């Protein structure tokens, strides 16, 4: 993610944010553990069996789920296929460039994918049409339209909402329309470290001055399904443990508010 | 144009599958200023099309050897989201989107006062979230709203519309089914004040007379569409057209 | 297409060309509606079932048609496949670069393709070997060797001549050699606007100072099959209507001279 | 994490397929200075992993617009040889290796005194010749030896280890089979002097308690691995771990 | 070299399928100055080969960091048209054409007075319109005519020819069938005044004696081919060789 | 290959090397016809059926052979497939760059491949599983880790050693493990020309100041199987003939020492 590329954050501003954080205050009035309020519209794109528009702060993404019949991977002949792609569209930020996904886009996509895959949210065994021959391939594609920090959580919310609402046309396998076999509801919660403070759901300014990032994806049973530390800084083990517990708590709130 | 079909696209009363008459537009809704980071932006819903446009610039053209010392370069990038069409579209440009990006860039160059910004580049990113026939024209129509939203001076709006031939009859603003099974498609964009044509493509089969009918219909519709553009900039939203009863 | 990249056209020369055009005169003595005389050699490349070398002014292209058995597109199981590719070889102009086709090459190829495809010149339904399984794929490949303006018309002439003359080896489908099922003879005519003048078949100098380009492809029945407006300028509707009528007239002459 | 399997990965005595106990490491061997051209280099053999690392720099970052005026950029490039895995790997980066390269670059940036080399770039090339689970951690552990071999100042080593869950039990340093058929994988890298965590990834299914056990095991192993790193630089070679009897 | 075949490529009288004797060349025709835009150009027809060559330069080498401060860089680009071979060739460079471009660039560099043009680049574009065995040698032979046509100073022409082994016999200038079903292929190019060898490749199976015979045949043919090159530049056209009766 | 890119070889040094060569002496004490002593470790990579590590001077490469079942080429339905790829890893030299093989890497790979292919070392006809349907594909992949001159010979040695030692898992074709059908032992010998001197197995310094390169691949029967002249200089025919005879002699020594 871009770090202060706009040059808008002077050292003075950084100092101000840090002083505020020491008193537990953030630029937009949130507490350190508070997620921004999000807006989620499902079925946003009619041509996709599942879709969701997510606005998290001014971060705006559209997630679309397509389901097509195809070949399984040779080493998993009895499973459907799940694939996640994130496009950091050049419209979303002045320095984003057109072209194949760069390392930032790939990281976001892979962390979103891991949260969904490792929670076993989708029962891939139930997506076999003909063993070793034909399975359902679930494509999760995410367009990032506007960038205001915390892409991983915005994209995970969008992907999970789109998967939960998807109704697949079964005719390619001679079947009726069906809902995806959803077993649980993974949620990712991302935190960054600024000075000695750790804040949830960073906005763009906070991301630009943070030293390190940690994402924890959990399921409703309070279990950890995926983690990713990012950026050039570090965490202590205690900070990580605290982040896990925050993630479980905030995850519950998000599920309650947006994914019922 | 597409293959023949057994579907009757126009009924005995001259009405189309969605109830429109030959000269009716689908509903159009444009909203300006929908994005935070872009210098200008707009969202258009036109029939089932849902397209977002973002404008960045004028900013220094890069790489430098691409700079034009006399004027700004306008670079439109038309892109379809993977989920925007029935069969998943592989991400990245294909030959169709590269050609469309070229003709949209040229059409916008004719409207923008490019001579005011030597060595600069104006980027217009057009993302089709949901496609439903006429995406290039809808994207172009939204683009000039987004450019105005960015405060970039233009001689005029760029306002587009398509006409086509369906069941042997010339009609305005093809729907998806009409595009798939029709006999001709004619997207046109003009500077609405002067009627100057800045984009025109055609494929299919038209007689000279049919071409004249089609362009009349388009020229007739342009002021209505341009009004929606203007209203979007006055930060109002208006729904136009829709239904043909 | 490159615009004045040679730097050879001073403002003085531009003014001169414009003054001449006002009197209806062009640099090489042609009238505004006059096509340059072309040279077309068919069967230029023996290894291709159909081919043509075209010289239009100093624009030189070679079109080759290859026909191979392959799979149809899933949405048109009962049709052969037609594909057109144009290579703007770096040998053709100082600023042309090696590499995959750029937007100019793609535009030329797609306009040539549309003229041929929309006229239904080739009966694609007659190119099915086994429905939904195996069809004939017609590859039109065009090498641009030398660039002196008006690539679209030179390439269309070459492609149409090559298709008309092609004799396909049928053995890949266990059949006898056959001619392609040709139904009509599309011709494209390209015009550019210089000041208030519109001239047919622009040469390189004219292309470099023109504001806008229009191509109209027609068939011998006088019907319009494809159009493409290019470049940053504009046309009035009346200019377009006049261009259509010119295209029909000039198209007839071209068919008569080169495609009998 | 992989699919379920009928293989019992831990026997009734708590021993793993290769005879190790839950907290045992596989044998690790590091050699520094194995290449001629690179500014620094190291070879690591960790279980069946065989990985060579080369370091170039600090050298001027190129292209210039990538330069950071305040510090050196660290670019790790993790790559698997075509013959390093059971099925031939197509040459060139894939999405997995691009992500790994990113997190390794970030982990090394935390250890190198990057602020001493403004506008510079430090390249760390990690070539996996033979892969056997835990390649990113093994490559990272060898990288900090290669960086030291290049004479580039570091705050501390970067020392990594994985833990995971196998047959429901938390174990250290997963083998290939355990990685394929286990229930969780947790690669971690730290600055060993301070215990600061510079890399952490996880996938699978861990309770909070299991996470605590796993990280304890890793923190416990770090000094042993760091000693092997230090010994490699003292141009001595040492074999550590191995077998669980 | 190709697979065995039942075709007898040389008859009892020592004549080849096209009637040539072992030491005969196919007909060769070269025309200089065939293109308008290029600084120099040539077309060669050699047997069934039809190849056009264009030369641009010397012009400033780009990008600048590729410039050689002591001499011009010669960049040959050998390319086969999609329709030049029996099965359609996908456009764009493949590994074979990249290797051929490299050895042709090197051969031409030996002849051109590159030291007269520091920091410059000379581009030689070789387009094979119709391929019939020996394309690299035919393209190279035409290239030095095109370079002379561009007025670029050369120490000497570059003149090439192949020999090979067919049905166990050494023959000059392989045809397509001989190339496909022969046992060796030896393309050679020399500076004809001095006999210096600037290109040599071989694949197949040759004894030392066969190699000596093959190179004698080639050296013997070089003056005849060079004469055709010279004549092309004197704007005359000459047909050489052809038939073996 | 890079020519004096390190800037370490002043004109003075060049002159010194040339003077030494006139007296038949080389920088490391070798005679002109002397190969450096090599170290070859076979079975270096356990996951590959065949592999070899080669150290030639400070040039270090790893060759791995993988054998997979796949489709034959349409024009050789009764032959297995052989393919050779060389990666000039950026770790091997300061100016080597990551990315797809450049022209130098491709030349090395193709010359190595030709020596092996044209000697008919591997009996490709014996690698057919089901004619026209399924054959064994032999992938030779070579990683260059460290560059000290003469990549072609180091890579050929590694590839030949890996092929000779390979034991293939036959289960993909329902067969027992088997050795590759090896018929002979090709060896390449590369020489460069420095001034009027020709030296065998050039090291990096010698390559950087040489004018021309010649590689001759031979088999134990003393026959020539492949040749490649490289670089911008030239050889006389007599020099080439001498190089061939040297290659046959040195090839014998290499086979004796490393490939018995």
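Read from first to last, the chains carry the letters A, B, C, D, E and F; within each, the first residue is number 1.
In this section, a contact is a pair of C-beta atoms (placed from the backbone, for glycine too) under 8 Å apart; a residue touches a chain by one contact, two chains touch by 3 or more.
In this text the structure is predicted, and so the values were computed from the model without any measurement.
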item	value
Minimum number of chain-to-chain touching steps separating chain B from chain F	3
Relative to chain E, chain with the most remote C-alpha centre	A
Where chain B and chain E are represented by their mean Cα positions, the distance between them in whole Å	52
Chain centre separation in whole Å, for chain E relative to chain A (CA means)	58
For chain A paired with chain B, centre-to-centre distance based on mean C-alpha positions, whole Å	32
Between chain C and chain A, distance of the C-alpha-averaged centres to the nearest whole Å	49
Interface hub residues of chain C, defined as touching at least two other chains	101
Per-residue multi-chain contacts in chain E, two or more chains	none
Chain contact topology (line, ring, star, complete or other)	ring
Direction chain E, origin chain C - full chain order round the ring	C, E, F, D, A, B
Residues of chain A defined as touching chain D within the complex	76, 79, 101, 103-104, 106-107, 109-110, 114, 117-118, 214, 222-237, 240-241, 244-245, 248
Of chain D, residues touching chain A in the complex	1, 3, 95-96, 98-99, 101-103, 106, 109-110, 186, 191, 195-208, 211-212, 215, 219
Contacting residues of chain E [partner chain C, same complex]	35-38, 41, 48, 50, 52-54, 56, 59, 77, 79, 81-88, 91-93, 123, 125, 127, 129-131
Partner chain B, residues of chain A touching it in the complex	44-48, 51, 58, 60, 62, 64-66, 68, 85, 87, 89-94, 98, 100-101, 139, 141, 143, 145-148
